[in-house]
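Structures incoming, each one as structure tokens.
One chain, chain A, appears in both complexes that follow, with chain B as partner in the first and chain C in the second.
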Partner chain A sequence: MADATFLALTVLTIGSAIAALEMRSLIYGSIALMGTLGGIAGFFFLLDAPFVALFQLAVYVGSIAVLILFTVMLVKRELIFKMIEDRRRKFAGIGLMLIIMVSLGAVFLDSGIKTITTDEPSVDFRDIGKNFVTYYWPALILMGLVLAGSVTGALVLARREDVEDDQRTS
Partner chain B sequence: MSVIAPDFKFSKFIQSLISDVVWFVLILSLIGFPLIMMILFFIPMPVIDGELLTPFLAFTYLADPSRTLPIVQSFMMTDMFKIMAFPGFGFAALLAAGTIFVERKMLAKLQLRVGPFYCGKFEGILQLMGDGLKLISKEIIIPAKADKPIFWAAPVLFVASAAAFVALIPVAPGWVVADVDMGLLAVFAVIGFFPIVTILSAWSANSKFPFIGGIRALFQMVSFEIPLILSLLGVVMVTGTLNLSEIAASQSSFPWILFLPVGAIVFFITMLAELERIPFDLPEAESEIVAGWLTELSGMMYGLVQLGTYLKLYAFAALFTVLFLGGWNGPMIVPQFPMELVTEGITLGPITAKIGGLEPLLTQLITPEMINGVLMFVLKTVGVIFFILLPRGVFPRIRVDMLLNLGWHKLIGLAFINIFIALALVYAGVLGPGGLQ
Partner chain C sequence: MTNELVDFTLVSVAMLAIGIYGLAVKRNFIRMLFAVEIIINAANLNLVAFGRFLPHAGGQTLALFSIAIAAAEVAVGLSLIIVAYRMYQNVDIADFRSLKG
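Showing the complex of A and B:
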């Protein structure tokens, strides 16, 4: 069962990734990208990490993909992109991808992860929280500062009362 | 006048239904049953309880409640029943349909109109059925330059996302379709799909008004998702779990709205914005952009989107109930069922009517606690739905800059204040381990 799901997810992820690159329509390409990100979420589910999987769905599919869709819809493709495509570039790209995949595979094989035990209990998210506030506390504080900075920046950007008042009077 | 049924009469409709049923029963009894008997005659039947299961015996089983009720009970415990009927789609769709009718009638009363009046004998009570029939029988018109695959898929995806949201809501102890350990995170993930479906549907119609409406919907939903998520973190902090059933069960003595009123208010306002309801109905502002992102949808596609919208409304109201109002907890008002009626039967003079097989059903599955829980849950949810509907009769639509200002500026700040309140309550020992709960 797990093998069949894994194969289906692999086909979905890689297939939609290729589709995202090769689609002529940018909208369909971004929908295919959503399929890729959703497939990765499926892998996380399969690896008994529902916490990461749901965050993958909420953040990548729910927000990043929407951002890409939104940008694509407001852009006239012909105006900014010039199509440069020939066989040489295509084969170079495929070759580069193969090199990267082979080197990554070599790294994985070298790292000692050769067997995977299934039927492990899923990781409790409370443990993740405990690790965060004990051993990894500098990382947590750094993330907190970055997030607080970005939220404050967003609030400041959203404020801009001078511009609004000008627009209202005109 | 309608082209499809120019002289439609409800009595004729009922008459045709009855005649269909009569023909079905006639054909079944004259041809169907003999055919089944003949087929069963050639199949070797098993031996049950020491007697051979003949076709005649099999049919008598069907009429024997002590044989059929266990089958019903085991069916009610399957996932299929939960998804289709009770805590899932059927229950939610029923509440959603009721919401549509109550909304129209209540708004009419608020604005001193009559509202639906002519369908059905009493106060237009069959209006919803009439609308449904109308939507099903109408032609689906697709704009010529629409992107057809996405345009067809969008309403279905919308209903599917809403149904996935409904599936996460616990209605009574143990009565939930998907009891996920990360229920609240799953809710956030599902909520993220609505803007995608909306913008895809709006874009694929290839028309001005849907696109403007879709862009507005995207703005609104994405920017209000942030205060929505932040406002619910307080509840997670005081309960220490993300499982919605556990959150509901943790409020057995008092609901969290008593301690986290700020979070509840922020969540309610963001809920109105996510549902595109007045005063935040910019995506479907009917006085500016026809019907917003729903403009090009026709026939049952519009019906599906409408169904999805009201399923979403039910799901959000139910989420508010579960997180802040205590879910199924409440005073026990359903009386205990007199079990001796079931165990000993009802005696009327010389006759004793006893239905076997009913006892396990009433003691294991449909207990008074479960009925009481569902009743409490429905009462609270209907109350929340009432407060969601109420602004539509009262408030005007707000401007888009006011909307974004409210979302980014005020609600996020209030949500952070709510988080600090929750933290203070936990660290002061009022709530959490060592505190009240």
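Showing the complex of A and C:
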């Protein structure tokens, strides 16, 4: 049975995920998204994974959410508050959401996952470090290359071609 | 542990469903990016939960990889939004259809 911290984190995470998608203002929506990401970090703490939780806080809440917030601020004011969706599509979407929730939930509740419990100590974060530099080292290097490539690509994409360099400095 | 694996899995299923709802219904590019973030986080929660209960270090390692790749994806996605916004002065994906071919 789940404890009170778990229930509070569940309410925070699911509630702010819905708020992130449904709030009228995109700015409040992105702040609600921060709540979702922070709630997931709380779940990681509950799962005895403090290293991943701090990584989540630093990367997601600290950088990605702030990046999204700044992008939202670049958009015109009336677009921030405009909801573009039609009503029939929304009801169909809610139906799809409920179908996925009920069917997948029923599958998980019916499966053998319920019987999995553990009394073993959690994984030491030193093991994760060892994993990174021994078994997963090619993936680690590839990930670094992907990150560097994507950041360079983002810079190239966002660069304005129509502005000359002397205009840029003035 | 008082919390069981199935509890974490159910939270993750709920977040996946909310993310799919957002992707299906919203036509705002930025909100669709929110939905993708929610789905990625549901997947990470599942990875760490299974890694805790099996127990195996691979779950947390994969979750760390996933977080890093998601950061790259968001950087590219946001710069695409900026480019498309500069071209069309809008964030409605229905306006971006003329981007194809």
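Just so we're on the same page, the second predicted complex is superposed on the first by the 115 of 170 C-alpha atoms of A that agree within 3 Å, B and C clash if a C-alpha of one lies under 4 Å from a C-alpha of the other, contacts with A are read in each partner's own complex, and residues count from 1 in each chain.
Heads up, the rule we're going with is that a residue touches a chain if its C-beta (ideal position, glycine included) is under 8 Å from a C-beta of that chain, and two chains touch if they have at least 3 such contacts.
Just so it is clear, the model here is predicted, and its values are computed rather than measured.
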First, second, both or neither for A:Phe55, with chain B first and chain C second: both
When both partners are placed on the shared chain, which of chain B and chain C touches more of chain A: C
Which of chain B and chain C A:Met73 touches, first, second, both or neither: first
Touched partner set for A:Ile31, first chain B, second chain C, both or neither: first
Which of chain B and chain C A:Ser150 touches, first, second, both or neither: second
Chain B versus chain C as contact partner of A:Ser63, first or second or both or neither: both
Partner chain in contact with A:Val133 - chain B first, chain C second, else both or neither: neither
Contact residues of chain A, present in both the chain B and the chain C interface: 51, 55, 63, 122, 125, 151, 154-155, 158
Chain A partner contacts - residues on chain B that touch it in the complex: 147, 150, 180-182, 185-186, 188-189, 191-193, 195-196, 199-200, 203, 211, 215, 218, 222, 225, 240, 242, 401, 404-405, 408-409, 412-413
Partner chain A, residues of chain C touching it in the complex: 1-11, 13-22, 24-28, 30-31, 33-35, 37-38, 41, 44-45, 48-49, 51-61, 63-65, 67-76, 78-83, 85-86, 89-92, 94
Interface residues, chain A side, partner chain C - complex: 1-3, 6, 10, 13-14, 17-18, 20-21, 26, 29-30, 33, 36-37, 40, 43-44, 46-49, 51-52, 55-56, 59-60, 63-64, 67-68, 71-72, 74-76, 79, 83-85, 89-90, 92-94, 96-98, 100-101, 104-105, 108-109, 113-114, 116-118, 120-123, 125, 127-128, 131-132, 136, 139, 143, 146-147, 150-151, 153-155, 157-158, 160
Sites on chain A touched by chain B in the complex: 27, 31, 34, 50-51, 54-55, 57-58, 61-63, 65-66, 69-70, 73, 122, 125-126, 151, 154-155, 158-159, 164, 167
